[in-house]
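The following block contains the structure, expressed as structure tokens.
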């Protein structure tokens, strides 16, 4: 149950369209629900503004569908990430109105109420074409939890004018998510240009001494631009959640 | 020259208390100033809301004092971090009104105008007593660039009730900076409790398999709480700058 | 030959139901048995209370079946772990009464005598659904070597109330096995709550900077809760054996 | 306040030697006590059977003394580890009856009541002379929290008969703590010999590819003997606490 | 051309059965032979006592066959290692009398003259069944370059009596090759028992913190037994070559 | 648009064969071109002497073809590297005159004008047959951007005479690219022999402690020959580009 | 004996000012000279254009002076790097005309003949003030072996305009040496701007996850700008030697 | 008690110069002797041909002297390595006839009987002057346990002719110990030249990406010359012991 649904419920109680008893029943639903393989935290939406997100890696399609059903029953909608093709297909056939994004490997079922929209725009910037799946995960996630999102694609520092020619878009964002593999240098350059929060996402794009994303991860953690923060390698989801925390504050 | 000082200069031009020519002279000062060993970026305050910060590690006391003098000449004040005892002493004797913090290893000379204050409070939480120097660096930095700051000390998860008994303070912060060494678990627990942005700072506190902060760094990058971001090991300064970007947006 | 079978044999000699000569023959069987590819240690059950366990990784199905036959001949039963689907199938068709667990990738043939039961209950706690295969390996192993086992599932620290609401179960266990990937924070929180031995198992669940389990491994080795011990990544088997040593002492 | 002192207090209330009001005052003391640099968890002794231990690394002598004073005020005694020479000296001059161990770098002030003694003997085994400081930390800690302790010194596997000639001592222990640097092989050999819990402590003894203890740490985590658990490098304290959890269960 | 063949050629010149001119032609063959993808070093057999060995990894079946043909033309025979199934099949159908070993992934075509036999016996000891492919590579290689070889299988230290019961075999070897994964402890124990050279081979057997063989590699490099040397992970070939250098000296 | 084409355009304007207006149209084409998934930098050829190269890893065949089409439209030709078989096939069927190299995994479409040829010869030296794919990538790249290239194959230091017998070829090169896996020793030996620039390319050839190329990477970075530079593991492309920068200077 | 001195000697023989016998004596000096602790390679100057450079780390002052004396005897001059204060002092008092550079930790005694000057200018660019010692080592070395050198200081990418405002200097260099710690991003930005060879030097400047220079090293090896090469961490000397190889070709 | 002394004792019993009873007393001395901090293995000399060597690191001067006294009492003499200056001084003043080597950090007291001399010569080769302390440790150790030793100094591959000019010495050795830091390339070159056993010792000489010896360690483990074995970083002692095992076989 999201904060919005509780707020609207309370409003309806206040104006008499819902009886206190009915509201009580609604609110009294167990905040924790135990499956054989999962403990669902229905309280999270109320506490943190978004329902629990289903992380698909390491879960069977069957497990994912069952968790999704429990979440959907409460009309909160759900977001699932890191889905296998099989899991995507199972969700697509089970839930009407679900939005599947193959590049991002996500599935999103909107809830009854839209989440409140954040104050500004989250700008997702990618250094190269190969970083797009991570960017897409960020874009879907940020949208799902209530944010306007824009993208700036393939503007890595090897051709710095590609970035500098887009300063307007950079300077109008509320939060910038910078997604880059290899040398991760884009985060430092953008961090030095803008005033707003910058969240860097290293990607596993690259080979050899990129070590599956360690090179950009370390570069970003050591960014010479002050105040850049970092999330896990390929973690477009986490960057979007962090950006949304900022944008909704 | 900070944004505040430019804004006040323009206001005074508008109301006639300063002549356009005089203002021009003030604004025409070179944004870049070259010393033998540094290129000072006087434009940064205007661009990013805070003047360049002097990172003391690897600089001689003499170099630090010279850079500080250039910054002070423009009345922007300055902040210096990671100071040796010698550098601290040199700055203390050279600049009147400077604030030296030995635990944080910082020196702060306030500028002519106070920086504008951020919207909310930055809460700096430490897991253990040994994390205090990093926390102090964060507290000094956040204050210097215009933020209200509070602290919550020694509330690591080995005694989880120490944290849970302070929920009020946790829930009223605008941004939470979590500073922890060893297992870094505190960031995940707090990230799961609050709605606001959480910035995690791993510290080099610990020994053996803590590997100078790698253990909490990895734990924080892999936080099971969605939307926690991370800065470099022991980087209290960077966490404060990131928090300030959020708080001033 | 397990300690139980030797004890019962000696008892029967004492009460005259078995002749000394017959017992001698039984006891005189070679403690070491050499195959072309393995040296079986039949003496282990007597020495350590459980027969040698067949580690399936890197062994062909044929090798596993042959070793299992030698162990089964002595009526000690056997436990095999890390089985491929092929090896499981071969064992299932070869041994009547064998218990195959697909999630745990184990096969267990009970011996003639049940192992003596440990003093208390081993509680196996998992942080997330993706940790279940490791937990299942621990549950099967602990049961096979003579322990009562309970489980607590998906109670990671991102929603700390999921754990805190199960304090009764936590506080009644004799040994707690904590299984978690990503940040491994659950081990520290539980280690700080209970008085009894806590064995932490890092899992390879996660991605990017989780480095196949290094992140939770390091976090657990650096647990801020005193007296938490750790086993290898994904080593549900080893954790169960350690818990059983404690529980049978 | 330890469990023993609460139990004895309640007994005295029961037999009338202490009035309920007086007992109430005693029990009502704040379980958490905040210093400027620490939050003391007086409740830990009650919850986990031993008071909070002061970890000396990264704390000033002044901080250590102040924390120690707060603990001592409640008559629980205290244990401090990883002390600098200065901190040791300060504690020695401040607290009468304190036991300083230079090799172990510990200080121990016994509490009013002795902790209850564990069921068996903890045997601390070292591979080489250079491992002694870690062993000593384990011995002091185990004793301080209520255990009988024995030692077996310099019995590394390069001369396996040194160990095999001490089988009696090995087989009579309730828990074995194995402390070894370099190849860490001793843990596997002992783990294969005894039935009881074995806790392995890698040490930073060695050079080159020992990498400050990584070599024995990895060897111990991969012990071919089933059910060996591991603590952090050089963590004699943690091994003793884990052994004591087992011994007091 | 091996040393043996040169020696026999010179002998025949000396006794008149071969004319100097004929011998000259034979000796005058180019020591280096260039293919499009390889430079064959025919001189190696003369210089080092064994012909160049074909390392199969990263070479196509076609390349391997072509190199083998050049070597076979000179009647030196050849040894090929790390062969894919396809390469094995191609070699088997191309060269009569070739010996294919599937477990070892080797192919060996004996030369015209047998290599001279070394002075003693090389003993290849394995800790577990999963180490057998590496052991087999060592056994085949050592035999191919002229050594008597024996094996001791599955005698890891978790059951130390398995090893101790074979002391006779251990003490009669000229060189011992110890092959072990996981904790690599077997090398230290054997290194402490025997007087002769001990060559340790870490294997990638294990999982988690075994890190593909790093754990036993480090353990072996840090062996507490003095004078144990180490080769690369899974390098049964290299260990055999080193043992043969010793055995032929 | 390459520097050559701009130069020839300007020449034709100068001699009247092209009208200024026509030339203007040609030059006025947008230097940046945005696709949905890429921002093409048409200006790079003018700025750096070679057009943007398409890095195939992580891009779909469809994306690669679309980028190639945009580049081909401007008659600059293109080079694509790290192609999957599918991408190669798609490019081969789409562009007439394209040169596909399967070993190198490259596709090259020559531009309208040949690039200017560098001053000397680039010599590509490989230590072993397994290093050939990386060498081939270097050879194709160097040729595509305008260099004469020679090769020296399979001259690793285990048979140092193979290298020493080719001194003439070594000493006549303008730049030497040394490609080696395993111990990477060839770079040091060559670096100590020649006067000209030496670029070392570590390869992922090897196993075990080669760690996918880390061993030769570190060896090359620590070359005892002064003035050897290094590129990423398996980066034949990068080495060729660096060699071409030198050769065209 | 440098190439210059041999050339001038031969010229003087040709014009009769030096007799063949005298020249012979000069040339006949042993190319290798053995000390108790070093084998001096007097031939290197002739072979590679610069005399052997004395690497001071790990050598005693006495050893350094003795090697320097042997080199000086031949009038080739010498360069010594990584000198301790003691070694510097010893050299300064022993050799007249020697140039000591404390920041660079070098000593340079010019030879009888100046080395021939390279074709263009080597530009040494540093990201920050703390990188200056490494830059200085590069500047001294490049000068000593015959190059014009310029510097661009403290132009890191956090303030990208500092670099962009110096484009003229960047574009007129023959080789660019980029020296940066932390995120190493400067190398990629410059690599994308200039056409000429770029040599990147990671420095150990930074802390925490900079890991003594690993972060910029990896970033530079993974530079998204094609054709950037890299030398060892802090290796200003090596970068200068590589640049000089290019500049003298 | 060394094998030599036992043999001579038995000979004297055989010829009647020593009575059986007296010999018995001598032989009956405890093979293990327990100090408070060490278990001395007097049996090692008999078992392995050399007495236990005292590893000085991590032992106090007092402990070292006491162990030395116990060894000296049995007339076996002793070797101590890795001595601090204080320990050296203490040993020097305590034992007459002791040989102190400051560079090697060793102390050697010859035993009553000389150890039997090995069959051939051990050649210790160093790549550079900075490797000398490790070489010296090897030379002292090899001599102490009964071997003829020669040295070849500063013949690293950057000037390959320095090595090639010493082929005679190389080819006459029975075992070659190659000691090199940085790129470790010398081991591969020598391994490809000689027929006899080659033991490689990586040293911590170097900086930056040498990582305290990891670079040469990995290079040596991946040597392209077949049959090179490796010991721990800086382990001159271990290499000598391994060489001696070979030389005495």
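First chain written, first letter: the chains are A, B, C, D, E, F, G and H, and each begins at residue 1.
Rule of thumb we're sticking to: contacts are C-beta pairs under 8 Å (C-beta built on N, C-alpha and C of every residue); 3 or more make two chains touch, one makes a residue touch a chain.
From a predicted model like this one, the values you see are computed outputs, not experimental measurements.
Student: Could you work out how many touching-chain steps separate chain B from chain C at minimum?
Tutor: 1
Student: Over half shared or under half: which fits the residue numbers at the contact of copies chain C and chain E, same or different?
Tutor: Mostly different residues.
Student: When contacts are scored as defined above, which chain pair ends up with more C-beta pairs, G-H or E-H?
Tutor: Comparing G-H with E-H, the pair joined by more C-beta contacts is E-H.
Student: Could you please state the distance in Å, as a whole number, between where the Cα atoms of chain D are centred and where those of chain F are centred?
Tutor: From the centre of chain D to the centre of chain F is 61 Å.
Student: Averaging only over C-alpha atoms, locate the centres of chain A and chain B and give their separation in whole Å.
Tutor: Once rounded, the distance between the two centres reads 28 Å.
Student: Once you find the CA centre of chain B and the CA centre of chain G, what distance in Å lies between them?
Tutor: Taking the average C-alpha coordinate of chain B and of chain G, the gap between them is 39 Å.
Student: Would you mind listing the residues of chain C that make contact with two or more other chains?
Tutor: If we look for residues of chain C contacting two or more partner chains, we find 128, 159, 192-193, 208-210, 214, 217, 221-222, 226, 232-233.
Student: Every pair of chains that touch: which are they?
Tutor: A-B, A-C, A-F, A-G, B-C, B-D, B-G, C-D, C-E, D-E, D-H, E-F, E-H, F-G, F-H, G-H
Student: Considering only the defined contacts, which chain C positions touch chain E in the complex?
Tutor: Answer in residue numbers: 31-32, 34, 36-39, 41, 43-44, 52, 55, 57-59, 63, 67, 82, 202, 204, 212-214, 217, 232-235.
Student: Would you mind writing out the residues of chain B in touch with chain D in their complex?
Tutor: Of all residues in chain B, those touching chain D are 128-130, 132, 153-155, 159, 161-162, 165, 205, 207-210.
Student: Within the complex, which stretch of chain C touches chain B?
Tutor: 127-128, 156-160, 181-185, 187-189, 191-193, 206, 208-211, 214-216, 218-226
Student: Which residues of chain C touch chain D once you look at their complex with the stated criterion?
Tutor: Against chain D, the touching part of chain C is residues 47-49, 53, 120, 174-175, 192-199, 217, 221-222, 226-233, 237-239, 241-242, 244-246, 248-249.
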